[in-house]
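Once you scroll down, you'll see the structures, which are given as structure tokens.
Shared between the two complexes below is subunit A, which has subunit B as its partner in the first and subunit C in the second.
What follows is the complex of A and B.
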């Protein structure tokens, strides 16, 4: 069975942890977030090829464009060796797309190219939706998700599992 | 000369042509090789090209490796000798951390062992170790250290250093609560967190962590780390062993660490190496089965203690019962007097008196089937007057036959059976000589060796001579010195003075010593005479009265003494056969009338009578007499009662 290190990154308050809570039965206390800046869970997804074990590194919120670089520095050491990224954004906050892509591009520039998907979270708040997907590269698939009602969450993770299984 | 030079040149040209014909193109290659070998730079380039391959080959061959090591070590030694300061400067940055780490590890190990020693100080295991220390002479601390150098690697994770993914996992008998990938990733994250937080470089990684009674060691390799969860106190050498294993893993599987599937984890070689990481030194402390037996050991020890205490109590009780039995035995034994008994030096000491004629203590114990162990006796000799002992002693001292019986009846020694003539004589002499024997009855005996026709000998006619009879009588009667025994007319005459009690006691029965009868009449006559003399002393005693019928104080006291003396006299007279008569004469002076005085004289005599009766004098012995009143003057000396006493022997 394949195993893959999957890093969930994004700006503050986009709902990364809520999405993970939807997807996995959590093993570690969420207080690790506030102490370590990361919390790790695992889940095995059944793909069309073979089952893949996702080791999800749920990072604390970080922004490469912020002046306080400490969170960014901290998560950068956690990102080493990642096999895939889940870029989590807030559909009601367009700036979060820039933040997530900034983190992804930084990593690829300094290490290597790895696959990624983007989750535009808070899809339940359609009235406030202001998401512009034109900035997304073709290689990154977008999923409109809602941690509140679980919309598309399972599908997004399954899709990432398919990508990793094909590598 | 010129011809010779031409010939030589011709020969060289020919040789060159011949070589050209034979070697052709090879000649130019040989020239190139010659040039390559002879030039230093080309030679160095060639060696540099093959050197990595040479080292790789040497590293795979232990023999070559050892050969290479020798000159290298020699070179390093000579270099250090030549320029030690430079080498010290080179080593300086390394030495500090290395020393600190070594000291920290040593202290940690020491603290763990001290904790273990304290933990086991009062346990059964601790006691066993103390016994071992006492037996071997090795200090207890060293024994504890030796026993507590135990550990077991419970879990081992091989984790890819950059991804934090688990490459392989081995565990002993316990499973993780959480997913192993999650744990490994979290461990990697924590390590990164610590490095970032403390500003440390990735080359200075986390080495160990304490988790309750578990220790986590992190062995860092270039591509992967080996995280081991260890119980107990691991020795320092373990880290080196684990590092060697991690190096082997790197050497064999390092190229496959980037693989994301679990093919690597299934490699039997890697699994074997991971299993080898689960080093252990078996320690009873970690054995749950042995730990669970501890209460059983305690229970057994307690039960053994109770049994021991019960046995000791029972033993003590038995011992006390035995001692009590022995003491009672000697207390009831004739001829023994037990004065005290106590424990001394672990034995029972019985003290007292013992008649020498009785069997010794050990013989008595043997007869009763009692052991002599634990018993000591301290008896002083004495002569017992217990009849049984006396008879036993006589039997033994006179050498009587076993069939000869002795019996004591009212101070008469009754003998039955066969006697030797000297035995009969000795027995006869006992009469009066022994404090318990007044007479000896030999009527039930017969002399040994007597004529068959003579069945018995009548010894009643045995005669004592006068002196023997007199001596025997004095001893047996216990006559006081004031009494004299004399022989007169075939009788022992008792004369002189004695108290009445002795006379009455001895004269109560007919006494005879040999053929000499004792005659107490002379003594009785003397005693009666003395009695009458005493009566005479009391005769005419006068007791004075006041004007009426009250005694004067002096007379009151005198009458009290008189009454007692008279009572004693009356009692003695009765025992000696003397009839005493007491007359109370009541008198008055000449004042008053005749009637008054008649009444007063009676009252006064009556008063004295009452006092005498109160002292025990028989009222029948008292008579009254009232002289005729004569008128006259007052005279205190005539207000009185006179007591007149007279006596005569009974017929």
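What follows is the complex of A and C.
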């Protein structure tokens, strides 16, 4: 079975852990627990070609304004050997798009090109939605997701599974 | 650290292994576990069994490390509820995984990071709210400007309507005066005059609202009989008191006196207060008492209505406020305007009220007593050009001025006025400001340019005309507002002929 290391990256507080929890365990926790380090979870998805084991690396969030560079160093160590990126952003915080894209572009520049999708999370907060996708490259598909109610979560991960199966 | 002895190195290693939890896993080329060594027997991780394949999470780490040329460390990896640093040593043929339990350090750092991130998220929310607030303030500013423009448009409209009303009212009042002179024993002209005054006060209330307290209009003091005023108030509200079954009394402590103040404003104040008393009184009586002393007029309007709570007394003077349940009649402007007028006239207003018993409004206004001698109006001579686009006004003042011995030329337009002015020797020009084909002030400037010794009197129905006199220029003797008191008109025309 094909196995792929998928890195969940983005700013802190965008909902990376909640998305993995929703996708792998079909659960959601209202409380905010920041992630320090990395949690590794797996789920096998049935694609049109073959089953693919997604090994999901849910890593701590990046803070571009943080003077302590240890979190960024840790993130860079986790990214080694990645097969795909899930760029997670918060639809109510426009700046999180830049953070996620920055991590992805840095990786591609220093390693090799790998596929990525972007999840604009917290789609349930439509009243506060301020998402601007104009800076998104054509190669990255965007999914508006909600870890809270599960909106588009399954579809997004499945779409990435299809991309990885086709590689 | 510099090179140390083997004995020291062993000591350090033993101490480290006593204090820290380590698991060392040896792997073969197929990622099968060859051996598992623990530094302390009481710390273990499930699934690490000799001969089995590595769990997915650790296998994934090994794959990631295989692309690196050097030993790799993965810090703070969550493994079965513990946080560990995982060191990958070796190559694809054989590798060692050194797992170091760092849960305690992780927990300490996690608490700090949680706090930092929560603070940062709060700051972002704060900034977003500030930005939203700034947008709302901007919108508020724009809406306020729109409201101000709408308010200015409303004021212009009301002023314009006021002008439209004033001219015919002036005409009715003037003709009623003529009728009264012709039929001195008839009450009918008096009723006509009374109704006209009432109508005029209603128009003035509208105009006061349009001014919104922003413009300090000039007062227009005239001599008038206090008896006539009290009789008019009595006659005006008699029908209302009968219809509601209320007692109504109008009394004056001094009869037969003539006083001087702005009669129109005084009538406005009285009509507003007495109307208010009748509106809130369902049984009992309404009374109005006049007293004149030391050049002041004291008025007391009392009713036996439902009264006002002490806490509401100040609110009754607020615009569009009608205190009390079920009260829907009236615009809620009368008392607001009344207080403004009293203040403008240099007077005072006091209110006493008791719920269930009634209210008493007391007004004191400067109002000097003047001699009761009919004003001497000796015959005048000369020619006056009177310009107004209202034919009834022209006809009225032609009769009035001719009675004073003057020759009156009338014109109903700017064009006609220019033509007639050239054909007659007019020493005085009386012109309305608003004419159908132009502006009376500009007309006078034109005529004055032709004949520098001509004197002007400017008349308007609009109340918003303070600027008219300032901008009228040389030769303008005075500005008068419709309806014009006959005695005042005589005085001003006589002065204009006398050269100011």
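The criterion applied here is as follows: the second predicted complex is superposed on the first by the 151 of 167 C-alpha atoms of A that agree within 3 Å, B and C clash if a C-alpha of one lies under 4 Å from a C-alpha of the other, contacts with A are read in each partner's own complex, and residues count from 1 in each chain.
Criterion: contacts are C-beta pairs under 8 Å (C-beta built on N, C-alpha and C of every residue); 3 or more make two chains touch, one makes a residue touch a chain.
None of these values were measured; they are calculated from a predicted model.
A.B. asks: Is A:167 touching the first partner subunit B, the second partner subunit C, both, or neither of them?
C.D. replies: In the superposition, A:167 touches subunit B alone.
A.B. asks: Just checking: does A:122 make contact with subunit B only, subunit C only, both, or neither of them? Give me first, second, both or neither.
C.D. replies: neither
A.B. asks: In the overlaid three-chain picture, which partner chain does A:93 touch, first (subunit B) or second (subunit C), both, or neither?
C.D. replies: A:93: touches subunit C, not subunit B.
A.B. asks: Once the shared chain is lined up, is A:22 touching subunit B (first), subunit C (second), both, or neither of them?
C.D. replies: neither
A.B. asks: If we overlay the two complexes on their shared chain A, which of subunit B and subunit C does A:63 touch? Say first, second, both or neither.
C.D. replies: second
A.B. asks: Just to be sure I read the superposition right, which of the two partners does A:12 touch: subunit B = first, subunit C = second, or both, or neither?
C.D. replies: A:12 contacts subunit C only, not subunit B.
A.B. asks: Identify the partner contact of A:2: answer first if only subunit B is touched, second if only subunit C is, both if each is, neither if none is.
C.D. replies: A:2: touches subunit B, not subunit C.
A.B. asks: If I apply the document's touch criterion, which positions on subunit A are contacted by subunit B in one structure and by subunit C in the other?
C.D. replies: Subunit A residues touching both partners: 3, 5, 32, 36-38, 40, 42, 53, 55, 57, 74, 77-78, 80-82.
A.B. asks: Give every residue of subunit A touching subunit C within the complex, in rising order.
C.D. replies: 3, 5, 12-13, 32-34, 36-40, 42, 53, 55, 57, 60-61, 63, 71, 74, 77-78, 80-82, 92-93, 95
A.B. asks: Mind pulling up the subunit B residues that touch subunit A in the complex?
C.D. replies: Result: residues 160-166, 178-179, 181-182, 185-186, 189-190, 192-193, 195-196, 260-262 of subunit B touch subunit A.
A.B. asks: Tell me, which parts of subunit C touch subunit A in their complex?
C.D. replies: For subunit C paired with subunit A, touching residues are 56-57, 60-61, 63-68, 72-78, 83, 106, 109-110, 113-114, 117-118, 120-121, 124, 128.
A.B. asks: So in the complex, which bits of subunit A are touching subunit B?
C.D. replies: Contact set of subunit A toward subunit B: 1-5, 27-28, 32, 36-38, 40-42, 53, 55, 57, 73-74, 77-78, 80-83, 164, 167.
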